[in-house]
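Paired with subunit B in one complex and with subunit C in the other, subunit A is shared by the two complexes that follow.
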Partner chain A sequence: MATEAAGRTRSRGRKQPPGAPPPQRPAGSGRETAAPEPSDRRAKSQGKWATWLILPSLILLACVIVYPVISAIALSLQKDQGLDPATGMFVAGGFAGLGNYIGWLMQQCPAIGGGTVSCAPGTLGAQFWSATYNTFFFTVITVAIETVMGFWMAMIMARTFRGRGLVRAAVLVPWAIPTAVTAKLWFFIFAYEGIANSLFNANILWTGSEGPARTAVIIADVWKTTPFMALLILAGLQLIPNDVYEAAKMDGATAWQRFTQITLPLVKPALMVAILFRVLDALRMFDLPYILTGGANGTTTLSILVVDQIRQGFNAAAALSTITFIIIFIVAFIFVRFLGANVVQNTNIVDTKEKS
Partner chain B sequence: MSTTTLDTPRDSQTTGRRDIVKPRRKGVVSGGVLTTVTWILALVFFAPVAWMVMTSFKQENVAASNPPAFFFEPTLDQYKAVISSDAGPYFLNSLIATGVSTLLVILLAIPASYALSIRPVKKTSDVLFFFISTKMLPIVAVIMPIYVISGQLRALDSIWTLVILYTAMNLPIAVWMMRSFFQEVPGEVLEAASMDGAGLIKTLRSVLIPMVTPGIAATALICVIFAWNEFFFALNLTAAKAATVPVFLMSQMTSEGLFLAQLSAASVLASLPVVLAGWLAQKQLVRGLSMGAVK
Partner chain C sequence: MRYGKRLGPLAAAGVLTLALASCSGGGSTNAGGASGPASENLDGHGPITYVQGKDNSNVVRPLVKKWNAAHPDEKVTFKEQTDQADQQHDDLVQNFQAKNSEYDVVDVDVIWTAEFAAKGWLQPLKDSMAIDTSAMLEPTVKSGTYNGTLYAAPQTSDGGILYYRKDLVKTPPKTWDEMMGMCSIAKKNDMGCYAGQFAKYEGLTVNTAEAINSAGGSILGDDGKPTLDTPEAKAGLENLVKAYQDGNIPKQAITYQEEQGRQAFEAGNLLFLRNWPYVYNLAKTDASSKVKDKFGLAPLPGKDGPGASSLGGHNIAVSVYSKNKATAHDFVEFMTSAETEKFYATQGSLAPVLTDLYDDQELVKQLPYLPVLKTSIANAVPRPVTPFYPAVTKAIQENAYAAIKGDKTVDQALQDMADAISSAGA
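Let's turn to the complex of A and B:
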């Protein structure tokens, strides 16, 4: 999808007529409507300038992001060259069609003497659906907890109290420190002789089995990201004008009614965008489980599976990464299309509100 | 610190109280309780960091004790050890990758975000959507070809590969953030500049950029945080020569427990620049990121 957009953008850059019609939704439309005549003419002459100003950025993104995406798709259609681990025979590579994709989705591995069989348990090929499940499991659980806790924290932080600035700064620290440090920190906390066990007087092998390992990843992720979510929601809360609450109070609305009738609907645009980006981020989760548990015991996400696969075969890894991309894109599409997380439009809403 | 809030204090006081405190008459009492709860909450969130900082000032044998000792003789030995160890090159690599990529991002994003904010481009929202759609892309989707391409260009394990990648990685966010800052420049200022015959470059340099300097600074700080913390590219594309701080920390993994205090000191040193950056950018961070450019 990113490639498609880039293609369109580039072709537009080439054949844009000098007298291009004004855009449907011009940036800062308030300004143009104030004095339509002269700025309309200027806008036309400035359209050319603008293209040149954006072009360097678009070229960089095209080279570093769009081209690799296309070439990943091209790679994914090729067979992996080299010695087949199962048969010991040399595989010449060549065009594979959708073979790599089907291999992942059906969990089929190449068999001795051609053809395919179900991948043996424990091999990477047999982990696709469990990795997908893990990824979505982590995404749903962490984003749900982070949203609820973040909302609560944001409501608390919206008040004025002694040392509010300090609390906000302290709460931001977990987000700012490198994920590698976060994962390391929680690795030691969840070590067998670590703080978590001595605090609860337990003897849990946190990274040793599925339940505790997943819990550890979830706790670490929630710790790292909740404060940040809270700050995003806080920004949304602060855009709600005070007199709305004032009026509701006059009409005798209870605190709960004010929350469900005013706070929730008005903060929804900001909230949806925050959730959307958190979800997209959680679907690509890599660093935290990679360092904390090494992907063992039900914490292998799709991203970890791709990295593991790179060592065993480029082309199959490219297919898997493309599948991951498609999954994330579908999720983003559902969010934008059906749940009203309109990224571009929401920015404009926020903008106008801030100006007034 | 308290000036780095978005709203006027009075506003949030009234809204906040009414949101949270149910029994209206007991507002003062519950306010006190809530403040305490808030502080406890903040402390719980801060505790792991505090533990790390505390451990970094311990001797190794004290750090290994369980339950952790709260009273101990603080020492700077661990910091000395980290600084005199082989961590130097990693920090230098991180510094180059972060500094140069942030500079490039700002240089590219200023004209682009300006064009997207003030002067209407055909289908501005399309371009904006393209920028943000690159954030939907899982990095794993591009790591393979980037690995192959940099191998062909003999650019593996080179810090400049990371510089280019980090520039591209942060550019969309920077454009989104800076656009929101440019949009706040009143239209009259631009009118006046063009009346005085100022061209594009002159308008940008002497009128606009000075006005949005705080926004540019905040954007730069965000880029610093993301570039400094980046782990995936650094892990997969570097080896001995160009590895950055997160990779260094990861590689210390094997010595678990043994050098806990020294590792804590290294972690504190690795976190210090970004925490400082996050703290400085706090106000603009929240606003800029709520514009839709999360992480």
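Let's turn to the complex of A and C:
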């Protein structure tokens, strides 16, 4: 059932307005209606009603999330089609058990005459762990940079100054461009005879070796998604009442103190949600490196590996995407559970903070 | 969250029943034996659909119009796909898997033919479905043949050509060694000597296969097993590796796809360029081209004569799920007829597959590269014809790239390449 829960968490998280905990205590929420005794009956009939109201979306979720997930898992337990040497035609591969999963995790490929051998360089199987490493490498670096820069941009945008609307709109431009287009733009910028090299008068082979290729991907990703981060953080910043700052000023707090003692703790819920979204997004990074480098030179991510594998065999690809799914699920779980990214319940962190 | 708990069992029950009832269907991935659908509807006449990637130079529409005027009861509908090869491939796979009878006649890239044939999706072109291929260039017919049976008729072709600077080189090199000898001219003029497509993508497979085939080696044997442990194969890959280490291939060439190479050549930065025929017109007419009247064409250099180009182009095939295969067959004949082929060449600059057209004076006047292209295609070797092409091309790209960059030795690269190809077929 873990799969279903994840699906729900995600889709709910999506619908939520950018991670903003409601400023006032939510009136008429589930907690309040259920508590007092006289309204017990009303609550029951409401519950029935709610069942019917929720049903359509449950059906929809079942179709677009539960069914594909179950079907993917079923697919992943079958072997890929093999060639019948007599006819030269593909035949069904048969039941594989966990063979596909073990193949990916242990980097084992089928050997001629049955059994498995360690995957030779050049097979997709040999790239699982390096792709996992690349994915996490990109995630950690890009999200870290985007958080810092996004915070900085949000602080600027939160101030009142002339032309604020213009700045906010301008900041959004990179985010509004489709990633595939962005990737193609950066592809031309990072070409050998491209803008990046002529601007810095350099002769760097941006897509020709590991360090520069990864740097190129990180630069392009940061350029594109920092605005997203900035907007989510901005939403959080705007929920902090001005009175708090004024009071702090009266008490003689310096700007730095106001930042660390007021801004940071109060914006933390929104910040954590923003980071969570970005991390989940970055973990399935695909189009940017796929177009920019084609996955060459240490830029193959798990998603690129999945897409490459789909062209070679659905069943192993289903296993790989299930593994990817589990990895992302674990990361999301850690975030929600231990780091306090509060996407699902809008309990009142702000309230408790204010009380304490 | 409390509502969630109360609704738990109900939701679970609803979800499960509905998941099974309302959204199943599709998803079956069995590979059919060819005997079933391949023997049905062979004499069906009626309307059909032709599926092809984006018709950029407006070739297909006029042809379909012409066909429809002559065959009012067997009208052809043209379904246009995107212009991305990968997406075209995936679209075809999905529709074949769904046994969609509305994809009657399909345009397949030469490298997909074996895969689709082995999946049992293409109608064998024999008996009543046979197509006469005797007038076609032999390598193109090979690209449509799997296990001795023709599954797809050659429709258009393409081959590699050597572009050279005729203002700096009097006679084009006939062999690889001769070309490498001329690289001193490039050095003197402070330009790169030779480039092809060496970025890690399909183009690298094309160039690697050309290097190995031109040196007399091969990648796959007729049995589909790798044949890379020969001195010829080693010599072929070594040619590329050495040229890169010597600087005869400029270092930025490992980021080159077709376009970057063309731009470098047009900017006057390359003495020799391996590319497709499309470069000819652009280099002649581009405003930014500095080499408009300074370049010539030659067949690719080989070991001791013309090299073995890899084959590009597209084949045309009939789906086994088609309901009107007789019409489909006639349409395939129409699309590969001499008249149509000539129209491809004049209207779309697509290389014909019929041998005679390469000597057609009228055509040669319009497409001056045709005689060179004829040599190129006549000596061409199709890229490995294997149902595991996606895995094979990855194995070649990954290891050739590592070898060229000097990350591994040529021997190691060939060994890994062979192992990776074997495991794809196992």
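Here is the rule we go by: the second predicted complex is superposed on the first by the 292 of 356 C-alpha atoms of A that agree within 3 Å, B and C clash if a C-alpha of one lies under 4 Å from a C-alpha of the other, contacts with A are read in each partner's own complex, and residues count from 1 in each chain.
To be clear about the criterion, contacts are C-beta pairs under 8 Å (C-beta built on N, C-alpha and C of every residue); 3 or more make two chains touch, one makes a residue touch a chain.
Just so it is clear, the structure is predicted and the values come from calculations on it, not from any experiment.
Student: Is A:Cys119 touching the first partner subunit B, the second partner subunit C, both, or neither of them?
Tutor: After superposition on chain A, A:Cys119 lies in contact with subunit C alone.
Student: Mind working out whether A:Ala144 is in touch with subunit B, subunit C, both or neither, as first, second, both or neither?
Tutor: The answer is neither, since A:Ala144 touches no partner chain.
Student: Is A:Gln312 in contact with subunit B, with subunit C, with both, or with neither (first, second, both, neither)?
Tutor: Second partner only, subunit C.
Student: If we overlay the two complexes on their shared chain A, which of subunit B and subunit C does A:Trp49 touch? Say first, second, both or neither.
Tutor: first
Student: Taking the superposition on A as described, I'd like to know which of subunit B and subunit C A:Gly208 touches: first, second, both or neither.
Tutor: second
Student: So, does A:Leu280 touch the first partner subunit B, the second partner subunit C, both, or neither?
Tutor: Touch status of A:Leu280: first partner only.
Student: Let me test your reading of the model: by the given contact rule, A:Leu264 touches which partner, first (subunit B), second (subunit C), both or neither?
Tutor: The answer is neither, since A:Leu264 touches no partner chain.
Student: Taking the superposition as given, does A:Ile334 touch the first partner, subunit B, the second, subunit C, both, or neither?
Tutor: neither
Student: Just which bits of subunit A does subunit B share with subunit C as contact spots?
Tutor: On subunit A, the residues that contact subunit B in one structure and subunit C in the other are 1, 30-31, 34, 47, 50-51, 54, 58, 61, 63, 67, 71, 75, 191, 193, 310, 314, 344.
Student: Which stretch or stretches of subunit A touch subunit C in the complex?
Tutor: Touching subunit C from subunit A are residues 1, 4, 30-31, 34, 47, 50-51, 54-55, 58-59, 61-63, 66-67, 70-71, 75, 81, 83, 87-92, 109-113, 117, 119-126, 191-193, 203, 205-209, 294-297, 308, 310-312, 314, 344-345.
Student: Touching residues of subunit C toward subunit A in the complex: what are they?
Tutor: Where subunit C meets subunit A, its residues are 1-3, 6-7, 10-12, 14-16, 18-19, 22-24, 27, 29-31, 33-34, 86, 89-90, 118-120, 146-147, 199-201, 251-252, 254-255, 260, 263-264, 267, 387-388, 390-391, 394-399, 401-402, 405, 416-417, 419-420, 422-426.
Student: Give every residue of subunit B touching subunit A within the complex, in rising order.
Tutor: 1-7, 9, 11-22, 31, 34-35, 37-39, 41-43, 45-46, 48-49, 51-52, 66-68, 108-109, 111-112, 114-149, 164-165, 167-168, 171-172, 175-176, 179-180, 183-184, 187, 191, 194, 200, 225, 228-229, 231-232, 236, 245-247, 249-250, 253, 256-257, 260, 263, 267, 270-271, 274-275, 277-279, 282, 285-287, 289-295
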